[in-house]
Amino acid sequence: MVPLIEYEEASPEVRSVYDDIRATRNTPFINNFWKALANDPPTLRRTWESLKAVMAPGALDPLTKELLYVAVSATNGCGYCIASHAAAAKAKGMTQAMFGELMAVVGMANETNSLANGYRVPIDEKFETLF
Amino acid sequence: MVPLIEYEEASPEVRSVYDDIRATRNTPFINNFWKALANDPPTLRRTWESLKAVMAPGALDPLTKELLYVAVSATNGCGYCIASHAAAAKAKGMTQAMFGELMAVVGMANETNSLANGYRVPIDEKFETLF
Amino acid sequence: MVPLIEYEEASPEVRSVYDDIRATRNTPFINNFWKALANDPPTLRRTWESLKAVMAPGALDPLTKELLYVAVSATNGCGYCIASHAAAAKAKGMTQAMFGELMAVVGMANETNSLANGYRVPIDEKFETLF
Amino acid sequence: MVPLIEYEEASPEVRSVYDDIRATRNTPFINNFWKALANDPPTLRRTWESLKAVMAPGALDPLTKELLYVAVSATNGCGYCIASHAAAAKAKGMTQAMFGELMAVVGMANETNSLANGYRVPIDEKFETLF
Amino acid sequence: MVPLIEYEEASPEVRSVYDDIRATRNTPFINNFWKALANDPPTLRRTWESLKAVMAPGALDPLTKELLYVAVSATNGCGYCIASHAAAAKAKGMTQAMFGELMAVVGMANETNSLANGYRVPIDEKFETLF
Amino acid sequence: MVPLIEYEEASPEVRSVYDDIRATRNTPFINNFWKALANDPPTLRRTWESLKAVMAPGALDPLTKELLYVAVSATNGCGYCIASHAAAAKAKGMTQAMFGELMAVVGMANETNSLANGYRVPIDEKFETLF
């Protein structure tokens, strides 16, 4: 593990990112992920800027985006990511029933992914072109 | 690869699953995944019954569920699953802009998952309890 | 892709590995995996020696070992590995019914793995010590 | 994490699944995985029914199925799944020597999976058709 | 699959990214990855800007960074990524001997990763703190 | 978890491997990975012999090889492997700046891997042949 950089000990470069996280999320709380990335300020800034842009409302709403984030994290088995993004999803409106269905879909998708791989199923002609 | 079982050559047990797939989806089309699973009828039936239950509308709508399915499949790199579920998502209303944002979130989640793992970030106390 | 090294063009070092593969497996056939690794003779030799030792009969029989190999390969989505080890398993006695059950277990395990991760289930005290 | 639902506080729907787990396994012990899934009763029931069907003796014996489960879980790095299914395998007869060989095969398979991917080895013609 | 957007049919926004790719890499060639991302211009621009920053020389040289990219891609089994980044690594000086050793390390790491997971090895006290 | 075998209680076969680890690394320290593998002496010996050969200087230097090892381990989310190989990389000269860039590349690679998979990007003709 690397040290977690608190605001008080952070460089001005890191503080400006922390300030933007706090302003964007409207909370003084900075979670450990950012305190770890702060050991490498360019990655901290780039990752935060990307995350802010990607998770903003657009063609998909912010809650749907958090659900997608949890789905990827559960598939990868990333404990930190599951915990932090499930909390974020809950803060944006995810109910316990929604979490239950989300996990059911994720479990099902991981099951059929390995079945499709194991049976080496050829892609149907009609699925070749998406848009 | 295993043989793909067509309706005409299928056993009554397999045909009854195919019939239900057609009725549920309101289309005569059976995609290759089911034709491959038909080599093992109990897995064909169990998988279809589970999928039908899991993907039905509930606390999450069917389109959101398909987006989650694509997210898992892209993370696992399952070509068949990406192709078939992206097509299903499109049929349920996914626009090209939504697909673009979906992929952006998936990419971002995979990036930060590996960062959280690599930095071995400890879970924040406030994320420990979800519900 | 790298060139596939055929026996006729191979160095004596590579030929001696090919000869041992043929003798051990009692067939003149050398599959593409070894022809690709032959581009790096130390990896070819080390990998073959390890594989031969690991897959030999011991506390587990060779067929069980091939089934395990297919399970890992389907989970990883490695197309080459699934195809070659499913063929090897069949040559050692895997029937179509056994393949069907193997895939059902693999699918189920991938499903419950993502559920256990997503729910962040704590390990039961009694599972902490294995031997 | 979600609350772990104990039998005493469980709904009748959840209790009936717990009762079946206890009867099928001939033990009063309910492991944490089911207590977590009990937060979403339909997933609890569906997952248990599937697991019971898939892990029952058939063309493969129950011990072989548990070994396969451990192989998938070690590949995915799912700590809970490794711990619980290794314990289940031991209860069904897995010796320490068998566990050692199982892990050796799993390690080897993960090594050669990444080599086959990295060298982008083309599938041999004779491996194309399995059954 | 989505359409691959060629320069001639691209919007000015996409063209400006393509122009920068060509100028940065000093070649008129635009590989398919960018032509696919061009279907979602914000992701195209953000991904290219990030990649350009991350892969620039710094504490690590560009060749080492490409080797790392190939290592991740082989581990994930991403065929496109292996092919394109192995080509990029070769263009930056990777010899066949270096590729052989790279793959040997990647294979070994995937093997011992699954062994460490399967044996559930506890982290040594002295490894807890990195910097 | 399995017992960790200390030198004092180890068999002569295990001791000889421990002795070689100590001599090769010029330290009395044996990390937990080997103490766990010592439960299966053939895997202990084979894994150590392979690791020693693969990580020795060659076309790639030992530090680059450790960086590759960390990249694979972060991608797989193997906590033990990340911790132990990041420590090894540091002992061989990895600075904090190098670790930061390493993680940035790993994160980026995992992001674009999932994008390439999700968009199902076809491999460019010029990337088909590597050497």
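First chain written, first letter: the chains are A, B, C, D, E and F, and each begins at residue 1.
By our rule, a residue touches a chain if its C-beta (ideal position, glycine included) is under 8 Å from a C-beta of that chain, and two chains touch if they have at least 3 such contacts.
Please read these numbers as outputs of a predicted model, since none were measured by experiment.
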item	value
Over-half contact-pair match to C-D, picked out of the listed pairs B-F, C-F or E-F	E-F
Centroid-based (C-alpha) most distant chain relative to subunit D	E
CA centroid of subunit A to CA centroid of subunit B, Å	20
Subunit D and subunit F: spacing of chain centres that average the CA atoms, whole Å	27
Residue numbers of subunit C (touch at least two other chains)	1-2, 39, 42-43, 46-47, 50, 54, 72-73, 75-79, 83, 96-97, 99-104, 106-108, 110-115, 117, 119-120, 128, 130-131
Chain-level touch network, classified as line, ring, star, complete or other	complete
Subunit E contact footprint on subunit B (complex, rising order)	77, 83, 96-97, 99-101, 103-104, 107, 114
Subunit B partner contacts - residues on subunit D that touch it in the complex	1-3, 39, 42, 46, 50, 53-54, 128-131
Parts of subunit D lying in touch with subunit E, wherever the complex brings them together	70, 74-75, 77, 79, 82-83, 102-103, 106-115, 117-120
Touching residues (chain side subunit B, partner subunit C) in the complex	2, 39-40, 42-43, 46-47, 72, 76-78, 130
Subunit D partner contacts - residues on subunit C that touch it in the complex	1-2, 4, 29, 31-33, 36-37, 39, 43, 47, 50-51, 54-55, 58-60, 64-65, 67-69, 71-73, 75-76, 78-81, 83-87, 90, 95-102, 104-106, 108-113, 115-117, 119-124, 126-128, 130-131
